[in-house]
Each structure stands twice: as C-alpha cells, then as structure tokens.
C-alpha cells in the first residue's frame, strides 16, 4: 500500500466550513503519484505514459482544516492496457473518503492506449490489494 | 435539462497541455448550481440543505483551453432523502466527459439527512431525464 | 477596457463563507485572456509568448457566492519587453478587488525575454488606461 | 523564520509544463498557517481573527513538478491593526518566488479591524526579519 500525507489548505475549505468535496478528488490524484513514479521516476510530465479514464469518490465523513489527512493507495486489478486504483482518505483515525480511478497506459505521441508492458505490470502487481 | 457554459481557464490546464481531469469534477459542481437554486434561490451557502455523497466522472475526450464547454445537467432518479444527478460536458460539438453525483438532503444543524420535502421533489421531478 | 464576467463557483468559497482571496488572483489571470488573444488568437498554449513576472492584488471588499463578478482589464504602461496590466473586480456595483500584473514577452524556445514586437505594441497601446 | 514544505501536485501544473503562477499565491497562504496558529492554535476557521488585505508575488524562476518546494515565512513589520508578512519559495536550492502579504486583525462579528492585542504582538515580534 502506498501512503501519502496531505495537510488541508485554507483555500481548500468551502462555505460549509470543511474541506470542499472536489478537493478530495485532487488529493487522490496526488496519492497516485507513487504509481506515476513506477512509470516515470522523475515525474517529468512529458514522459508520463498514463491518462485518467474514470474516477469515483464516496464522501464518508467531513474533512476538517487543521489536521493532516492520510491518502492510502492500492491497485484493485490490472487489465490489458489499463488498471484500477483504489484509494482511501483517513483523518483523525477515521475513514473520510473512498475513491477508485481507472488509469490507461497511453502513448501521447500516437494518442492511443497500448498494452501495459510487463516491466510495469510486475511492479504494479505487488501493490494489488489482497481480497478481504 | 439545465445547461451552464464554462470558459476553461489557463490555470485549469495541466502539463499534458489540456484541461486537468479534476477540474471537470469542479465544473460539474458548478453545473449543479441550477439544482442548488431549487433549494436556495439566492445561493446563500448557510441555507443550502444539501451535501454530496458520491461523484463519478468518465473522461471521454481531451478538453482544450480556448474554447467554451457546455455542462448539461439532469436528474436520473429521486430517492427518499437523496437524488442522483447525471451530467455531461460538451466541447466543439463532442461529448468530453460524463458525470454522476449523489446529493443528500441534509440538515446542517442536526447533521443528519432528512426526507426530501414534496415542494422540492415536485420541482426536481420535472428535470428527471427521459429513458432513451 | 476589456471586460470578462465570472460566476463564483461553490468550491471557490472558503470557511469564512465568501470567495477565497487566492481565487481572485486566478480570476485576474482569466481577465488577461483578452490580452493573451492579442498574441495568440486561438489561445493555443504552445504558442503563447508571455510569462508572468509579478502580481499584486488589493482585497477591497468581500466577494459573495451567488452573484456575478465583472473583471475589468486595462494596460497601465508598455515597457521594452514587458507591460503592466491593471485590473479590477466588481460585484453588485462595488469595487471588490484591484490587481496589477507584469507580463513579459517571452521566447519559450530560448527561454529568454525579447523586445515586444511593434505589431503587438500597437494593439496593446490602444488599451492603455487614460490618466485620471 | 517559519518553514513549510509543499509537494507540487500534478493538477497544479499548467500547459507551459511547470507549476502555474497562481498556485504559488495559494502556497504562500499555506505558509502563513504558522502565523494563523499564533492566533488560533487549532486552526478552527470560525475563530481565526484575520483577513487578507493585499498580496504581492514576484515570480523569479519556474517551479517544477516532481520536486519539493520550501516556503519560508517571516514578518516584515507590525502595524497597529495589521502586519506585513514576507515569504519565499525555494526549489532545488534556488529562490523561485518571493511574496508579501498584508494581514489585518479582524473581528468577524462586527466586521471591523481592531488593534492587534499585545499577547499576539509579542509572539509575532519574535518572527520579524532582521534587516540585512
């Protein structure tokens, strides 16, 4: 499991007094950076061979300004040219949000998806979540 | 169907040269404003009795800076205390993203969901998408 | 004078119940799009020969969700390779924020600033604010 | 001097391939959190007695995705009811941006500024930058 910690920022709150929901989708993108690094260790955007096909976020509890949030990231399954990421946001020991993202292995030059090469598949497979 | 037009902003692009995916989740929030106004015509955040329980976004095509985007918003179904919103983003005559959002009728004072009052249910029911 | 209208978005509010200050800096970037179009009519980011050297924003009054904001943009002066933009945000007939931005004519290929070509200088000079 | 580290996020890049300038203004807000904590240790937004009157940012060098940024924050001077914050963003050992912010001690209930109480003035005075 990959783990990233984010500190909520004041401008990420909204008029309800908590962190705005959309911000959490952005934090989950940030949580996927550990996966981006599997493909592009220096995170040079020009070399990152991934696009995002779909996101889902379930908002479980309010997230507060002033207290760190842990983003946990695992893989759910690996497909031929895509893979599914599952994520959770935890604050003060409680689950606050759950997410799922479908990333596609993508050739930006030809603008087409391609089969996930074995070298990446092997690394990613080590991060697939165990069935409960 | 509700329709809102947004002009992509330069800071909404990312290093891939297009609009960042997460931004689209924010635009869909903006598209739901017409639904917020059903409950709170002046959009005073202190009076808005809704929270967001879930979002889904499918990214269908790249969205470009320099060209307007239409956000189309309808209701999919009305539940007891929640309702499901379906949304689309269109640019240059093509579908670019599809979204779904679950909004809950919520009492911020008691911090609990409540059954959707009939006065709102009636208005919302006029915006439920026809089955194809 | 260039004029652009923005509708505040819910995720742009913060826990004080109004629009977050930093958002206004982003709206001013959006207001400068009319100037970007002088250089790059189709707004293709790869061709936009400008970088931002400095911004200033004075926050005059709170900006509310639920009511449109007009961004007014003029030029203050033209330098050799840069120019100064002055901007205002108006809501409900009152000035809410004032901004200044220094943009530099920039060659992204050589990563250096260059003298502002006459063809652009002429167009821009028509938008320099008159002294009061 | 206060110091905060931020990791640039992918959605904070723009089509020029670097971190968008406006984002830096947001990071500087985040850098001022250590000052917010002087007034409101738990960062409860409802109790934070500050508003922002002005910001300035000078963009000195491009900021890259994939490499941490240190935000350094000091006070420049203390006024009667306001104070001036000076900030710097450093990446890879080089200064990337400089900022200045004017914060006002503010009573949200009466919506007026008030003289800075001595208890806060004393703490803040320990963080005023020494003249070079």
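In this document, chain identifiers A, B, C and D correspond to the written order of the chains, with residue numbering beginning at 1 in each.
The criterion applied here is as follows: a residue touches a chain if its C-beta (ideal position, glycine included) is under 8 Å from a C-beta of that chain, and two chains touch if they have at least 3 such contacts.
Since we're looking at a predicted model, the values are computed, not measured.
Farthest from chain B, judged by the mean position of CA atoms in each chain, is D.
Against reference pair B-D, the listed pairs B-C, A-B or A-C yield one interface repeat, A-C (criterion: more than half of contact pairs the same by residue number). In this structure, the chain pairs A-D and C-D differ in their number of contacting C-beta pairs, and the larger number is found at C-D. Centroids built from CA atoms put chain D at 22 Å from chain C. Here the CA centre of chain A is 33 Å from the CA centre of chain C. Computed from the mean C-alpha positions, the centre of chain A lies at a distance of 28 Å from the centre of chain D.
Contact with two or more other chains is made by residues 10-11, 13-15, 17, 21-22, 26, 29, 45-46, 65 of chain D. Against chain B, the residues of chain A that register as touching in their complex are 14-16, 21-22, 25-26, 29, 45-46, 51-59, 108.
Put simply, chain B touches chain C in their complex at residues 7, 9-11, 13, 17, 26, 29-30, 33, 36, 42-46, 65-66.
The touching residues of chain D, when paired with chain B in their complex, are 10-11, 13-15, 17-18, 20-23, 65.
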